[in-house]
Every structure is written in C-alpha cells, then in structure tokens.
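Two complexes, one shared chain (chain A), two partners (chain B, chain C).
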Partner chain A sequence: MSAFDLIAGVLLVASALAAVTLKNAVHAGLALVGNFLVLAMVYFALEAQFLGWIQIIVYAGAVMVLFLFVIMLLYDAKADVGVDRLRWMRPVGAALAAVFFLALAYAFSGVGPVNPLADVKLAGGLPGPLGKLLYGLWLYIVLLIAVLLFVATVSAVVLVQPQTRKARVKPQVSERDRELEEVGK
Partner chain B sequence: MTTLWILFLTALVTTFSGFFAPPRTIKALTLVGMAATLVSLAFGWGETVVAYGGMYTFDAFAQGITLVMVVGAMIALLADCDYHKRLGWPAFEYYPLVAFAVLGGHVMASTPHLGVMIVGLEILSIPLYALAASRRSERGFEASLKYFLLGAVAAAFFLYGIALYFGATGGFVLGAQGSGLVWAAAVMMLMAGLAFKAALVPFHWWTPDVYQGSPSPVTLFMATAVKAAAFAAFARVVVSVGLGGPAFYALAALVLLTVFWGNLVAMVQGEAKRMLAYSSVAHAGYIAVALFGPNPAPALGYYLLAYALSTGLAFAVLAQLDEGEGVPLRSLAGLWGRSPLLGLGWTVALLSLAGLPPLVGFWGKYMVFLEAARGGQYLIVALALFAAAIAAYYYLRLLGAALFSKAEKAEPVALSGSAPVGIALATVLVVLLGVLPGLGYGLFTAASAIIR
Partner chain C sequence: MSYYLLLSALLFAIGLYGVLSRRTAILIFMSIELMLNAANLALVAFARGSGNLEGQAMALVVIALAAAEVAVGLGIIVAVFRARSSTSVDDLAELRG
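== the complex of A and B ==
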C-alpha cells in the first residue's frame, strides 16, 4: 500500500463520515463534493482518465449543484436534519461495520493483481478506446441504462405529483364561468 | 428478442399514450401488451435465444420466470379495478411503471452477466419505489422510503459483490470458478444483495412494512413478479458457484431461518396483508429449498408459478376489501355470504398456500422437497416440512376469520370491471393446475441447465 492509497483512503472515509454525520445539510453536501473529488483522483491514479473527468463534471459538478439548489430551496435545510430515533442502534451498527471491515480486510489479505486487467489496453482510459468498448461489447448494457434513466425520470415525475390531477382548464373558460356566475347572481 | 421488444414497446407506448388517453385505456393497453408477451412466449417456448454476445440469454429457465412475472402482473392489473374506483384512480404512469418493472425483471432473469443483472434489478426496483407510494398516505410514503433505502443498500452489496467477483475471476459472466477468500467474499455479497430482494431472513426486514403500506394491487405485484425475478438471479448465482463449503452453510442458514422466522412471526399478526407478507417471506424459504437439489430449475420455476397464482389470488381478494388502511381480520368476517366469488377465491388461495393436496400449492411444495431430497438434504427437507406444518395454523386462522365468524353488518361486496375476471381466472388456474399437475410442471421441465 503506497502513501497515496493511504491518504486517499483516509480522505474518502473521513469525507463520507462527514457527509452522513454533519447536522447542516449544506455542510453535508459540501463534504460529499469533497468525497467525489477524492474519488476522481483515485480514478486518475488508476489511469481511468475519462471516468475521473466524468466524476468531476457530472457528479461533483452537475449533480451536486442540483443537490445544493434543492437543499437551499427547502426551508428546512437551515435547521438540523433528521432526528435519530434509533440512537441505541449506533454502537450495534458500528460494531457490525467493524466486523464487516475486518472480514473483508482478511479476505483481501492474499490478493495479488488480477491477470485479465493487464491484457486490456485502454490507453489510460481515454474516451476513444473506451467508446469502442461501450458501443461494441457493452452495447446492451448501455441501451439498458438508457431505459433505466427513462424509468427513473418517469418514477420521479410520479413521486412529485399530487394524488389527483385536476383537469386543465383554460383561463378563458374559467373567466367565462366566473362571469356567468356573476350574471346568475 | 421478440419478448424483450414487446415488453419494451408496451412500456414505452403506454408511457406516451398516457398524455392523451385516460388511465383506464392505458391499463387496457398494458394488459394487451402482457397478453402479447404471453403469445410470444408460447411461440418461442423451449428455444434458447442468445443476443448481444450472450448478455441476453433467453433460455427455458428465463422463459418460465418471465411467464410467472407476466401472470403476476396480469392478475395485479385485472384485480385493481374496484380498488382504484373506491380510492381514486392513480396517475396513468402507474401502468407503464408496472410494464417497466416486468421488463426489468425479464432482463434480470435472462442473463448470466452480472452487469446486466444489476441494471435489470434497478429497472425492476425503481418503478416499485414509486408504485409503493402511488397512493398518497403516510403508510405509502413509509413503505416507499423503507423500500428505497434498503433496496439501495442491497444494490450496493450486490455491486460490491460484482467488483469482488471480477477481482476473483477476471470476468463478469456467471459460471467462472474462482478460489480463495476473495471468491468466497464475492459469493457472500452477491447472495446477500439478492436475498434482500427475494426477502430471505435476515434480509427481510423491509417486507412486512412495504407489503402492508403499499396499495394492495402493488403488493400483489411485488409478492409475485418481483419475487420471481429476484429468485431467477439468486438461483443463477447459487447454481453457478456451486454449493460447496461456505456457500452451502450460508444457504442452509438462510433457508432455515426464513421458513421458521417467517411462519412463526406470521402467527402473531393481526392484519391480513401483514400476515401474507410474512407468509411470502416463508415461501421464499421453500423456494430456496429447491436449490439443494441436483437440477433445481424445474422445481424452482414450478414453485414460483404455483406461489404466484396462490398468493396473487389471496392478495386480489384482499384488494377488494382494502379501504386503504390494510385489512384487519374482522373485516374478512362472513366473506362467503358477502360475495361467494371472493369467499371461494380466498378459500382456494389459502388452502393452496398451506399446501393441501388437490391444489397447485401442494404440488409446488412436493416438487421442491423432492428436489432437495434428491440432493440428499433430508434434514433440511424435514425441518422445512415441520415449518410448513406450523404455517397451516395461521392459514386456517385466516380462513376461519372469513368462514366461521359473523359479520357485524353483512353488506355484500360488489365487484365490477375486470376484477371478477381476474379472481375467477386465478381460482380456476389454482384448481386446474392442482388437479392436473403435469400440465403446469410440463412447462418447466425443459429448464434443466441454468448455467451453460
């Protein structure tokens, strides 16, 4: 394990912890941005340049900005977020997480580099070779992800709708109704 | 490919025609799409279709699972008429979301590729999070949020498992054999992630709240179609890694915990939907018993069909009685007198779920236990049988609540639209496939090789 791995790991865990424990939603969002940026650096270090840039542009950029907009638009964001009703669960959760971590660390203890990775030539993960792979071998998954994004959009639209949709009434019609009502009086 | 295309086009067409057609037309369109899927399944039955370099492998096993999902979706769509009439029609997107969920399950079931599997899992899950909250109530929101959060955790487990699987075998396609601790960790993570969706104890905690809080037709869909899709992936993972060493003990622990916990906790529930939710947890255990056999696919597929028909029928009856706040046992009182069709359906469904001989549920259990016995796991079979005997208690209690108690005010339940059709169809199928078990089982015998 190199010094870079260690620093990146510590930063990742620390920023993730900050994102879930900070009380102010805006602070938590900013901690998440930090997490995304460190992750992008990890991608760069793994020679996955395209993925790294996407991580910065899409996640740290677009997605987080949307997130922060929503948080700031909501009045509640100024107050503390969330009341923890299961406070007694925290030590249990921490203990389970520690056990999980130790088990995985033990599982990783004897792992060397994976062979097939060495065969794949992605030229530093630039868009050119990556695109050939995505639109060749992985085309089915790319198509499915398009479907997934569409479904997610439809679901999000459903979730923000009120229970019953009122029939749309043109302003002229409602105006006429009002006038008729006045005449009726 | 035809099946995939029909499901995809159904979802797409219903989504866009909703802009100018009322929800009931969209519902009819979705049903037409499901019927077309059945026709395409019938024409291509038993023929393996491979596309996209093996990423889409529509083999006999996947065909069986797709059949179960389409049947579940059709019962859910047919039986929801009066429910929506009483409580208000949902937005038209309700129906496209059901179609998308079936598409996701189909994708998930017909692939040996873990990357496709997780995307299919998400296409299946995301519509359900929205469907669970399609009625705006506290319960619905709670169900949706719990399902979403725990579903996200499950997906994270599954993704981590995929990463470790790649680390251990150097590929994403099931069937490669690895070794060592990373391989074991990968298998455990994959199994845990799918056990969440299939609701195996101890990954079942979301099930009762989500089943109870969701609208009854959505619960019906979750208990039938979603369970089938989750088990398709679960079975492929388990069969491909083989049951040697830690995977065997993990699966045995999952199965035994599931059948006992599910059945014992179901006994003390006071509300019919919640009781059936725990029953669905227990049935997940019976389905997984088949995986101990040498050739689990036919028994597993057949049990899923039997279970989908029986529990689909039970939830379809509950959907007619649900006033949006669940179905307490006393509101089942005098069901026979209030509506003979509902009384008959309820009786048949519960006897089938309990596993009594002339009904399809019995043959499902029989095939599953026979399969595990072929694999030599007599202890697990005996314990699962014992749990099934315990389960008879609460099924009879549910039945007794409908048969032997007098209603305070015996107002008849009026059925309209497609609801009686759906209930009658499911009742006939449960009885017919029970009397002629070869008819149903014959559909699944071709599904011998899950992994090639």
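== the complex of A and C ==
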C-alpha cells in the first residue's frame, strides 16, 4: 500500500463523512464534489483513465452543478427542517450502516486477485479499448442507455413544466355568457 | 487490491447512513450518489484485479444511469417543492400504505 492509497483513502472517507453530516446543504454539496474529484484520481491510479475523466466531467461537473442549482433555486440550504419526528433514526442508521459495512467487508475478504499470473491487460482504460468493448459486446446496453437518457430528459422537462394554462375563452363565447347573465337578471 | 474494496464498502456504509439520517430530499439524493460512487469504485477495483475491462464498462453504465436518475429525481423534488413549499421528507406523509 503506497502513500497515495493512504492519502486518497483518508480524503475519501473524510469528505464522505462531511457530505452526510454537514448542516449546510451547499457545504455538503461541495464536500461531495471533493469526494468525486479524489475518486477520479483513484480511477487514474487504477488504470481507468477514461472513467476518471468522465467522473470529473459528468459527476463533479454536470451532476453536482445541477444539485447546487436546485439547492439554491429552492432556498433549501439547510439540513434541519422543523421537529425531528424520528429522533432515534440517527443512531439506528449508524448501527445499520456499521453492520452493513461489516457484512460487505466479510463478503470482500474472500476476493483476491482473480488470476494473478495473467498480466493486467487494461491498456490504461483508454477510450480505444473501452470503445471496442462498448460498441461490440455491449452495443445493446449502450442503446438501452440512450433510450433511458431520452426518457429521463423528457420526463424531467414534463415534471418541472409550470402549470398548463386553461384554454383561452373565445371573445364570442364570453360575450354570449355576459348577455345570458344579463337576461337572467 | 482489497484495500480499495474495503474503502468502497466504507463509502457505501457512509452513504447508507446518510440516506437513513438525512431529512431533506436533496441531501438524501446526495447520499445516494455517494453509494453509487462506492459501487463504481468496487467495479473499477475488480477490473484492476482481474485484468478485465468489463468492470470499467459497467461503471460507465452506472454513471449514465446516475445522470438519468438525477434528472428525474431533481425534477420530482422541484415539482414537490412547488406543491408543498418544502423538501422535507417528513412533510410528505399523506400517502400511507
């Protein structure tokens, strides 16, 4: 384990803890951006260069900017909202998370290097070899992702649409209504 | 290599704690992003350990899925905020099972 691994691990855990405990939502979002950037560095170290750049562009760039936009749009920059109805949820959540971590660690404990004799053929995780895989064996999955992103875009636009206005009443109709009302009097 | 697997398990547990303890919908969403990233770290570590690029391709799929999820999720949050002027999940308790 190199010094890089240690520093990256400490930074990852610290920024993740900050992201789930900070009271100000903007601060939590910025901690999450830091977490994503350190994670991109870890990807570079693990021979996943394309994925590292995608992590920076898509996650630290697009997704987190969207989050910060929504936080600021809704004036929702605080984590404390009213009375806590489930006061016991915090320690129970911490205990559940600890149990889950132990279970995952136990599951991972049996995983070693799968074939240590074969030399690693990741080619640095560059777009070339990755693209050959994505546009070959994984082509239908890529197409399905395209459909998913399309549907998500359409649904997001529909969800945030302002209330649809009522159909405008024709002037002749409103005139007739007014006349009928006068006759009724 | 199991160091990064342990790290990803720890990050996932932290995200789980965030989902269970946060009470604002946006912050719960952020914790979900943390969990997705932990899964991605595990996938990349597996790819590095086995010398197989498919782990990285799967991580790319997860990133695209997270982008779609964020678009729809934030749309729902904005729509709920318009109706209720609040994003606290405690205020959305009318739908009882």
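Everything below uses one rule, namely that the second predicted complex is superposed on the first by the 139 of 185 C-alpha atoms of A that agree within 3 Å, B and C clash if a C-alpha of one lies under 4 Å from a C-alpha of the other, contacts with A are read in each partner's own complex, and residues count from 1 in each chain.
The criterion applied here is as follows: a contact is a pair of C-beta atoms (placed from the backbone, for glycine too) under 8 Å apart; a residue touches a chain by one contact, two chains touch by 3 or more.
Note that the structure is predicted; figures quoted are calculated from it, not measured.
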item	value
Partner chain(s) touched by A:Ala3 [first = chain B, second = chain C, both, neither]	neither
Which of chain B and chain C A:Phe108 touches, first, second, both or neither	both
Which of chain B and chain C A:Ala152 touches, first, second, both or neither	both
Chain A residues touched by each partner, larger count belonging to chain B or chain C	C
Chain B versus chain C as contact partner of A:Leu139, first or second or both or neither	first
First, second, both or neither for A:Val183, with chain B first and chain C second	neither
Which of chain B and chain C A:Pro129 touches, first, second, both or neither	second
Contact residues of chain A, present in both the chain B and the chain C interface	104, 108-109, 111, 114-115, 138, 141, 145, 148, 151-152, 155-157, 159
Residues of chain B touching chain A in the complex	8, 15, 51-53, 55-56, 88, 91, 93-94, 96-97, 100, 103-104, 107, 115-116, 119-120, 122-123, 126-127, 129-130, 133-136, 144, 164, 166-167, 170-171, 180-182, 184-185
Residue numbers on chain A that touch chain B, as the complex places them	103-104, 106-111, 114-117, 137-141, 144-145, 147-148, 151-152, 154-159, 161-165
Contact set on chain A toward chain C in their complex	1, 5, 9, 12-13, 16-17, 19-20, 25, 28-29, 32, 35-36, 39, 42-43, 46-48, 50-51, 54-55, 58-59, 62-63, 66-67, 70-71, 73-74, 76, 78-79, 81-82, 84-85, 89-90, 92-94, 96-98, 100-101, 104-105, 108-109, 111-115, 118-123, 125, 129-130, 133-134, 138, 141, 145, 148-149, 151-153, 155-157, 159-160
List of chain C residues in touch with chain A within their complex	1-7, 9-24, 26-27, 29-31, 33-34, 37, 40-41, 44-54, 56-57, 59-61, 63-72, 74-79, 81, 86-88, 90-91
